[in-house]
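Remarks on the structure that follows.
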Amino acid sequence: MSAGLSMFLSYLVSGVIIGNIYGLMALGLTIILGVMKIVNFAHGEFYMLGGYAAYVSSIKLGIDPRLSILVAMGVVFIIGVIVERGLLTPLYAGKLDRPGDYALLMTFALSVFLMNVVIPIFGPYQKSSAPLAEGSVNLGVVMVGKTRLIASLVSILLMAILLVALKKTRLGIALRAIAADRDAAAVCGIDVNRMNPAAFGIGTAMAAAAGALLAPSFLVYPACGTIAASKANAILVLGGMGSTKGAIVGALLLGVFEALGVLFLTPGYRDVYGFLVIVLVLLIKPTGLFGSQEFS
Amino acid sequence: MLVLSDVEASYGDLRALNGVSLRVEKGEIFALLGANGAGKSTTLRCIVGLMKVRGGTIEFEGRRIENQTTSTIVKSGIGLVFEGRHVFPELTVLENLLAGAYLVKEARAVEQRTQELFEQFPRLAERKSQQAGSLSGGEQQMLAIARALIAKPTLLLMDEPSMGLAPKVVDEVFRVVVDLNQKGTTVLLVEQNARRALEVAHHASVLESGQVVLTGTPAELLQNRAVQTAYLGM
Amino acid sequence: MKCMRWISVLLVMALLSGVLAGCAPKATPAPSTSGKPTGEPIKIGGIGPLSPPGTPALGEEMMNAMKLRIDEINAAGGLLGRPVELVFEDSGGAPEKGTSAMEALINKHKVVAITGEGHSSAFLAEMEVAKRNNIVLLDCEAWSDQIRLRHYEYVFAIPAGNTMFNQKIADFVQGTGFKRPFILAEDTDFGVEGIQLLGGVFKEMGIEFGSLLVDRTTKDFVPFLLQAKEFKPDILVVNVTGIGSYLIVQQAKELGIAPSADCAYFSGVADMGYPELWETTGSSAVGVVWETAIHPKAEFTELTTPFVEKYKATYGRSPTYSGLQAYDCILVLEAAIRLAGSTDSAAIRDAMEKIRIKGTRGELYFPTEAGVLYHQAPVPLLFLQYTQDKQLPDKCEIVWPKDMQTKAYTKPQ
Amino acid sequence: MTKTTRTVLMLLLAAAVLTLPMWAGTYWTHIGVLCCYYVIVVSSWNLLVGYAGQMSFAQVSFSSLGGYVSTLTATRLGLHPVIGMAFGAIVGAFVGYLLGILCLRMRGVYHSLTTLAFAEAFRTMLNLEYKITRGSLGLLGVQLFPGTSKTPYYYVGLLLAVLALLLLYRIIRSPVGFTLRAIREDQTAASVAGVPLARYKLFVFALTAGMAAFAGGFLSHFLGVVTPDWATQSAMSFILAMAIMGGLGTFVGPIIGAVGVEVLVEYLRVLGRYYMSFFGLIVLLMLRFAPGGLLALFSGFKLPTFLRRRASQG
């Protein structure tokens, strides 16, 4: 195996292991986008809240680190529902001329607020939740910390559970129906406005899960969600807005693009390759790879 | 069964309904006729609560339902088949039906009703795990009707069910409507194809610029000179 | 009518600002513990990062340490018979915010001298404001050589300069017998200057080295570390501050690069001395060598331990050397004002060049010879090594300089 | 209120603004200069977003671009800062034009995500292209005027702001302005009505980017420094807050917003670590309860604002 290839593989493997956790986050964005037709610019901050929740639960309260991920999801789900009820209801009260732009501005402002409100609460020092496991595993091309590997597997599991739930459960079918056609879903008796908090809560809980999973590896601090959010956005565009399949494929593609970028360009720009990819994909296909407005 | 009195509605500053009054009796097929933009679809949207009623009242089985949430209205027994069908394209046929059965909480009842509908519409049974978006226009129309029926509505609102369909399929759709009605479902039918609608209807109204200008039995309407020129091309 | 509304908007806004101004605390006052000194207080300006993009942890430690000394001065009767007040402004570690903070200190609060800052980028902009206004600015924790090389009359520095610091790293690397160092540096002046300076010294010594600049806002350093691994280094020199410093320790360990038997890990930042280290890196930091200016095994002066104890008692955590430096900063300004006998800027400036006092880290004075040591107080630097899991910084062994060594560098297993 | 009182009050306000350096002291004059900068940047962003409906998160990228280009022209080429500012504006307008081309095909969310992506990529570039930009250290620049006095900066800033506002006002009142609003209300209808959409959009992208870049150039020569922090999303949140507080899509709103928020922030600064969260909270509450801005909140103006609550069909 040539040096270049083994380098590429090691970048790729380590990138994909983290990438699918961002994919989980992108899946959350997708659900919010599908049901509410908005992009949540504060998604990264829910990731951050998830990380802090996992920290409090695993370190301060001494709850099992794996259980803490569920705790983080639950806490952030509730916060998400509160945020949706408190701030986003004007979106579908039919009182705004430009609900899409309202949502962008609102979630943008929310992200500034959340990022700064945690400073007085948790202090400026970074935190880490309890590791999921000790030690590293040799994957042949690269060594990977066990915590990361477990986090990655858990995120795949969560994605699978979510996809199955969307496919099989009454709530899942209702959410997909709303995403496909809001009016038609309403006429099926689905209370579409009641589903918004559910979708927002589930979507933000996915971000929280990602935050909790990465907290032991990447630490938690007020601005820790920004990179995660930008990756989730890139995955969302890559995969095509609102396609759940796309979120997963997008995460893998981003991993590949980043590895290629690091290898042939420079590692310094690694976090920017996602943006370049957004631009390229949109120039070629303005609706994303799996583009459609529905999600299923 | 359904009584609209002086219903008003608007899109932004644009008035769409200027006091619509209708009376649909239990067990009948009631046809609502009118040109494009006369306010037929708007009337239906007001009835199911997809649009805000700015004036007047809507009564269903003696209870006021205007401006209630759509899900409450649907729960009280009204179903709607949209113009242009509006099936969920990326959901399978079965999932479309399951979405339609959202209000039916027991899994067994849902299964039973799905079976009944598959018997009634065998074409859908054949395609039950296909994506709804891949069905033909006629099949989508059948699916849209089936999806509305699975919740067993007592009043079914149908918006232009014949639009964009081949004549043969249109026949089939009307056969289904009559069949339904004979089994006891009241139907409020909005149609541009006035001749076909009047063939099956018991009563009908004509809507013009957001107001009812004429109401009567099909026979009476067919006699009307204005109806003849405007809607029947005579 | 329309006008009426306009006026009401303006009125409400005016009212709002009035209310805010009224309820605002008097910019972080340092409460006087004794009523002895009287008269108009002497205001000393503090500046530092209390909010992102700066490192708030750093600004906070500086502010706390400064407050300690200010309280001591007031308890002991004040300065020139007047009470002293610390006005601390947030620079956010960012140049433009820093200049605004400087303007506020000088023109709004009328401070007599200013000290603080931990980000060279911000300090470089702030020193321009000091220069324009002819006010003494004492650098507390900004390392850039550019600060020293500008030879500004009114600017003084108490932390190690980059040149000094990098010379010592090179000495340690050579003296301990490492052959292939690899430098990972952040994309700030601290990091970039570091690569240039350290690289220069390595070249002179004939040591082959590799280097890489990293984006300090990134979280996944794996690509950088994999590139470093290709070089097969025997010591990794990591000059990355803040969160990145912890992430790199953890990720380098996970990848099996360093600290290991084959490759040592050196970190050139204060963050290694924070209690967060073990919390956030697990046991990965065992074997890490780091640099500090404070250690109980090497007590510099009789002021060191009382300060550390007092800081611990007041704020519930150990100070790093930034805290010592901030405390020293106030000591220096205090001495200069006393010597000048007035709060006149020019007089304080002249006194600064004359004083020679004892600080928490040794004798403090400011030479006037041109070069990187212009107005640079002499600073001791110690290199420590963590040899056990959850080891307290105080229990570390001093591995460099040779004359202070308590134990030689030990290879981690 | 009579017309005379109104005139008198306006004259008083104008007199106060014109004589500010004489009575407000150095510090507030400093803030005054910053206000002028923000007025230009926010008002031009308002033309792009509030009038033309082209949501963008890249405005601060252009102002920092202007700052960098202007500073580099002055320091590397030794040209006068004024030439640097002009050159910065041209480069800014050109890059804005390019971003416009990129965004031309995109709608809604894709459009805003692309501008966001551009802004982040640009910021990272500023950080990493150390040899040109000196990374997060920022570039030290050339002062426009010698000495410590802020008065000349204030008057130049004021002049620039007034000129920029006059230009914007003329555009908004001209047929171009009406067309831009038509595009905002209904892109498809506007395009069916024969409006050359692409040309208008590119024009407004280039113009607003150029104005922001010019203002950025001015600021860099005032502060004597330009850093990547100008181009961050938290810097963008200030622009956003100013426009929202004042009233997006109105002419006077952003002006009041820019001055109001800048002054407010000076008071909030004493809140220390609470200040940004408090600030974020204010913006959230504004958006939630008065999306039309302060103007609409206090006066009940029926202005054709951007996010107004619908009068009818509510």
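For reference, chains read A, B, C and D in written order, and residue numbers begin at 1 within each chain.
We adopt the following convention: contacts are C-beta pairs under 8 Å (C-beta built on N, C-alpha and C of every residue); 3 or more make two chains touch, one makes a residue touch a chain.
Since this is a predicted model, take the numbers as computed values, not measurements.
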Common touching chains of chain D and chain C: A
Pair exhibiting more inter-chain C-beta contacts, A-C or A-D: A-D
Nearest-to-centre chain - CA centroid comparison: A
Greatest separation from chain C - chain, by CA centre: B
Rounded Å distance between chain B and chain C, as computed from the means of their C-alpha atoms: 74
Whole-Å gap between the CA centroids of chain A and chain C: 36
Chain A-chain D separation of Cα centroids, rounded to whole Å: 31
Centroid spacing, where centroids are CA-atom means, of chain A and chain B in whole angstrom: 41
Interface hub residues of chain C, defined as touching at least two other chains: 51-52, 56, 187, 213, 215, 217
Chain B, residues touching no fewer than two other chains: 52
Set of chain D residues in contact with two or more other chains: 124, 128, 234, 273, 276, 310, 313
Complex contacts: residues of chain C adjacent to chain D: 1, 3-9, 12-13, 16-17, 20-21, 24-25, 27-28, 50-53, 56, 89-90, 92, 94-97, 99-100, 103-104, 107-108, 120-121, 124-125, 128, 132-133, 144, 187-189, 192, 213, 215-217
Residue ranges of chain D touching chain A (in the complex, touch as defined): 49, 53, 55, 57, 102, 105-110, 112-114, 116-118, 120-121, 124-125, 128, 233-234, 237, 240-241, 244, 273-274, 276-277, 279-281, 283-284, 287-288, 291, 306-310, 313-314
Residues of chain A defined as touching chain C within the complex: 3, 7, 10-11, 14-15, 18, 59, 116, 119, 123-128, 131, 134, 136, 142-145, 148, 217-219, 221-224, 227, 262, 267-268, 270-271
Contacting residues of chain C [partner chain A, same complex]: 51-52, 55-57, 60, 187, 212-215, 217-220, 222-224, 226-227, 230, 243, 246-247, 250-251, 254-256, 274, 276, 279-283
Chain A to chain D touching residues, read off their complex: 33, 38-39, 86-87, 90, 93-98, 100-102, 104-106, 108-110, 112-117, 119-120, 124, 226, 230, 233-234, 236-237, 241, 268-269, 271-272, 274-276, 278-279, 282-283, 286-288
